[in-house]
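Here subunit A shows up in two complexes: once beside subunit B, once beside subunit C.
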Partner chain A sequence: MKKKSIGDNPAVVSILASIISIVVGLLLGFILLLILNPSKAGIGISAMLTTGFSSMDQFGKVLYQAAPLMLCGLSVGFAFKTGLFNIGASGQYTMGAFFALVGAIQFQLPWFVCLILAMIGGGIWGIFPGLFKAKFNVNEVITAIMFNWIAMFLVNLLLANMPTMLASAWGASNSDRTAALAKANPAAVIPKAGLNKLFGNSSWINISVFIAILVAILIWFILQKTTFGYELKACGMNKEASRYAGINANRNIVLSMIIAGALSGLGGGLYYLAGTIQYVLVKSILAMGFNGIPVALLANSNPLGTIFSSLFISFIQVGGSAMQPNFSSEATDIVIAVIIYLAAFSLLMKMVLSNLLKRTGKEDKKA
Partner chain B sequence: MTVLANILSLTIVFAVPLLLVALGGMYSEHSGVINIALEGIMVIGALCASFALKGFDSAGWGSTHPQIAMLISILIAGVAGMVFSILLAFAAINLRADQTIGGTALNIFAPAFAVVVTWAVQGQGLTTIQIPTWIRITQANFGLEAGNGFLDSLIFKYFYLTTPVAIVLFIIAWILMYKTSFGLRLRACGEHPQAADSVGINVYRMRYAGVLISGFLGGVGGIAYTIAVGSGFSASVGGYGFLALAVMIFGNWKPIQILGSAAFFALFKVIAAYNSSLPFLPKFEGLKDKSSLYQMLPYIVTMIVLVFTSKKSQAPKAEGIPYDKGTR
Partner chain C sequence: MAEDYVIEMLHITKEFPGIKANDDITLQLKRGEIHALLGENGAGKSTLMSVLFGLYQPEKGVIKKDGKEVKIKDPNDANRLNIGMVHQHFKLVECFSVLDNIILGVEDTKNGFLQYAAARKKVVGLSEKYGLRVDPDALISDISVGMQQRVEILKMLYRDNEILIFDEPTAVLTPQEIDELMDIMRGFKKEGKSILFITHKLSEIMAVADRCTVLRKGKYIGTVNIKDTTKEELSKMMVGRDVQFSVDKKPAKPTDTILSVRDLRVPSRTHNNDAVKGVSFDVRKGEIVCIAGIEGNGQTELVYGLTGLTKSTGGTITLDGKDITHASIRERSKSGMSHIPEDRHKHGLVLDYSLEQNMVLQRYWEPKFSNRGIIRADEVRKYAEKLIERFDVRSGQGPITIARAMSGGNQQKAIIAREIDKDPKLLIAVQPTRGLDVGAIEYIHSQLVAERDKGHAVLLVSLELDEVMNLSDRILVMYEGEIVGEFDPKKVTVQELGLYMAGAKKQSDAGKGATK
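== the complex of A and B ==
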């Protein structure tokens, strides 16, 4: 029997391709820092790459931010599997955060009910790109971009007109953000389950990262072990062939976007129910949803891979904010952008890698 | 009447970037490449032109030759956008990459790059590049007396060189698209690249042309937006690149309709910003943050229009599909 070389193993090739993307991204980021400020570039890049491990508090922050990133990554990845590009994770995330906060502050509900509300909010926002694609053949990317903006303006409009939601109704002076949960409804804060003791009294850490990992495993199970997941993937690979095989492609497109929306929405809930961050009424789209894109691409849309890629993106983001004042923390986004750019032609890169590995494998055998 | 003149004047100045960038998107999509990176291209164009204007200003040369300095800055914006768009063209055409993902990467890269560079050049935390005030074209440029009449407000309140440049580029776009063989060839590459190739058109070269022209227009649109906003460049073009995509779709990928839809979107943006001072708008008593409502409307209208028109959409048929000579 012919022995298989590691170049034939798609998982190995995918992971290698991701690692190469990360290394090239970091390298280009470092070169840019060198050009801008040669004397501080070393300090800058080492801040990006070490801060996450520098203290238990910072590591707690990495885990805390990884949870919403993981869910946005799962959302983008899940849609990818059905052949859809969910650039609307940001809007779905915003709606999820809004639903969760309304449940927590306006209706005084406990945290787990608020998280379910978050999924409903995100799911509703996922209906639009899915339905418009299936029913009217409108490109889901365009719909999703429009609905990102609609979500942002709508949430701002609604919050501005819900006086109980704002911090000013709960003893604080500012009305540009939602109330602090510790004051408004402590029962809506996601429990820390003693983790804060473990993490040197970190204010960031709570059980959200474990919820996110459980969801990642659940999504993996749905995609790999159920008929529904199989149908979704079939639609993604060849819509016409799957329709020929009796799969209702339009129904699957809508369902897939609803689930993707619910995942992003849950991410919004996890982020804002931690009690450490209040939703601020700003006029720009939240970046978290967009950062789900590199998380999904690095993981090659594999739900289990998303766990690791979200931890990595969260890690360099926490590191990036420690680069100030020498560099702006946006330097991290440059690294992320390079990673996405490389992922755009990952197919080509994987082909080259696979051939390269096979060739070296053959030479080994000769020798 | 002055209010009306002000609104029209503002609508024009905000329609200019939308028109330019949507025309850019039109070139790219007619060649067969979806250019979702327009937002990022605008940021890069605006960044380079803002630095150029700042440089002309501190050299003292700008205030003595304002319109020449402005023209050079517009060219710099266009060339910068063009160079940046090579990244998209290379990924989309040579490497046959997913165009949406490549474009998303450029959109994340550009604002981050702009912040990091302005921060490094201007010093910590100073992320806004101030635009000099001498760039505005005034009555004095034409030997006229400054006044406050209807025409004065309409024409001169927000009059910058970008407006005549946009008009010229618009006319060129119409002629190029419909009256030249270049336009015909470009459109053929977006409709049926295999057929275009079979009659000897170099599809790769035409697609490069489409993307690079859209990069040029996107860059010019970036500085046009920055000037329209008036508060300097702070690493963002406020989603106008995405809005321009909507303008292009709303305008059915055709220059004249794009002009109309750019004016429509700009009007809504202006109404959103000035709703409190406009007497003829519904007041929505008791509603707070009305500007969000008006800012949301253009997006909702676009969606409704898309739903009703998508069945007979005139989108280039081969857009978004990488061209592979082997599939001919």
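== the complex of A and C ==
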């Protein structure tokens, strides 16, 4: 028998492992729903699994939310590849959103300039953890966590003192959030390019998901095909060996964090420039950046895999919000967390699976 | 036949996933003998000893102590059977005193208080009886490697062990210390203790052992009486073919100076003082200069300083007439310096990169391998295939094998291929054969000599005196960060070198950079 066992193909094993992990996660999520509210569990899980596809409008929402998730996932994954744990995606995302909104409202700039500003804002926030790590060997996790808080409070402080930025300056009554872009600067809203027609007049959909996919492909190319990517990965896998090879490891750490920051920042720009959401001044860190971590883990830090993992997580988030009359938002959050948590077990599952396939492969050959 | 065997390991088989580490091995240790266990790396010596010490359970086979079958489930069982072991890497608590380390685990207490006085008396008594000089109150971190080993030996004696296992005990010692250890071992034999001596150094076996058991690739090859055998025969049993011991090489024809080091100072990795304290020497085209010395006398730091891994704090380095004292690692590499690093996993390879990616680790940026920042994957593949063939680097999947999945010998071959193919003016090779088996050592030595014969300069740093004597055209001995002697290998004995390595002797004009 010359047929190759599927256990020999690592890509197949990886994808299979991810799918199995997701199924197990959904199963456990369902059990949890049964415990929380047995009579509504069936409705709940079907809401979670079907809402994303129930209408073009909801599907548009999945795509819209997937874009910033994808970018945060790319940010975390990119840093992972360089041996850094970018837990600061949230702060970078916040700074990106702030820069984009200031460009849009305060300076009345068009959307693409605002997106570039978002990348600059996120990139600046990436410099600090990178620089501290490179210069003083301070663990980037600590710096990044601090900078998450600094970003949130700084942005709230600045916005509170920039009257033109707030909704109250543009004909609305509330001053706890930024102005609606449709009123403040329609040119800063990311164009829909006719997609809303395709998606049944969905208010969510715009070209952001395509921008995110392009960026994912670009990041994949950089990591896979360029000398810069070669250097970054070498630093991530073995800093000492890359030093030995004459690679400037410290410079690469800073550069990697700047790029990771710019990616998160762009995510923030894409989310808030859609025109459907206003930035609200609350004293809690935005969850989007942290959600980038499971996105990256689920994709095993592969930029192309990030496209799919972010769509999946966006899908169950949209589904989760549709469960809400029957289940409290905390309960849905727990179920989502369980699913994501188990999905991140794909690495473990991959090991189990490849062992299993090898064993059955052996027996096949014997038989 | 009533032989008096104190330990018998009969038909031991131990399997790990995918490999039979021990395949039907029998080892019989007579009372009061020194029994050597010989084999290449990966022959199964350590596995067999781990079985005896209770760290692994064999699938098949029995262990007998004094003719009675015993089960050894963990090291405590081994201890109860009076089996003691000096591990290759010492198991000592650095911040404890010698005495604390010796009694650790078998402390005598009275009302919860340690009984130091009695313990000290016993330790001092043992130390005097066997000539094991130690200072009971010194901290382990402050004493020499030789003394640390004596502490390990005292640990076994303190526990009244009768069967003593020495796992590669001479790797870290000077020739004088090795002689001393041999005497100590003979002393134990006289006392009726039985010794298992694991090594791959044939001369030591010939000097001290009574019998020798040889393993090869997990299989039992045979047991021989040392007085009926020769070094050649033993090595043939170990490797499975004839081995060339001395390197074939013509006399060196050194010409122009390539590397010139003057008064170089390099900071230590571990403390605040300089580890290299003003070293001067030259290396010329067409010669192999060897830095000999005991581990930790500044050799590592000297190489770090030369290659740029550590910034030097003083002095100058000149490579082929160009001052590279402050040059970056990349510039030094471009100027014609190649470096086979001491630690191939830390520096030499990115273990999770494929073999082909590792082959261009120093050169990926060259126009040959990249075009406007994009790697030319086909060129990298071609180049890797060329090197793999030329240097016979063996791996599971050729260029796309992940480096981590390769054997140590082939990893080292890959590094050597990469460094030699750069066509360097100066090749710095640090411990290039550490941990490799005889066949691989033979190959690497011939490659280094070939480099020399091409007219390149080779700077070899080695702790193995056999290697130093065999390969070098000139020997520099380093002791406590200084060069204390310069020798012609043909005119110096190992014993003489050992005195310099231990700091007992010093040439007054050494390390001033004058090439004789």
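Following the convention adopted for this analysis, the second predicted complex is superposed on the first by the 339 of 367 C-alpha atoms of A that agree within 3 Å, B and C clash if a C-alpha of one lies under 4 Å from a C-alpha of the other, contacts with A are read in each partner's own complex, and residues count from 1 in each chain.
The criterion applied here is as follows: a contact is a pair of C-beta atoms (placed from the backbone, for glycine too) under 8 Å apart; a residue touches a chain by one contact, two chains touch by 3 or more.
Treat the numbers as computed from the prediction; the structure is a model and nothing was measured.
Legend: residue contacts after superposition of the two complexes on their common chain; A:Ile293 is shown touching subunit B, with no touch to subunit C.
Judged by the number of subunit A residues each one touches, B leads among subunit B and subunit C.
Contacts of A:Ala79 after superposition: neither subunit B nor subunit C is touched. Contact with subunit C, but none with subunit B, is seen for A:Tyr244 once the two complexes are overlaid on the shared chain.
Of the two partner chains, neither subunit B nor subunit C is touched by A:Ala260.
Of the two partner chains, subunit B is the only one that A:Trp149 touches; subunit C does not reach it. Shared-chain residue A:Ile22: touches no atom of subunit B or subunit C. Residue ranges on subunit B touching subunit A, taken from their complex, read 36, 87, 91, 95-98, 100-102, 104-106, 108-109, 111-113, 115-117, 119-120, 124-125, 127, 235-236, 238-239, 242, 245-246, 249, 287-289, 292-293, 295-296, 299-300, 302-303, 306-307, 310-311, 313. Across the complex, subunit C meets subunit A through its residues 307, 309, 328-331, 333, 339, 341, 346-353, 357, 361-362, 364-365, 370, 373-375, 377.
Against subunit B, the residues of subunit A that register as touching in their complex are 32, 36-37, 85, 87, 128, 132, 136-138, 141-143, 145-147, 149-150, 153-154, 156-157, 160-161, 281, 284-285, 290, 293, 297, 324-325, 327-328, 330-334, 336-338, 340-341, 343-345, 347-348. Across the interface of their complex, subunit C is touched by residues 225-228, 230-231, 233-234, 237-238, 240-247 of subunit A.
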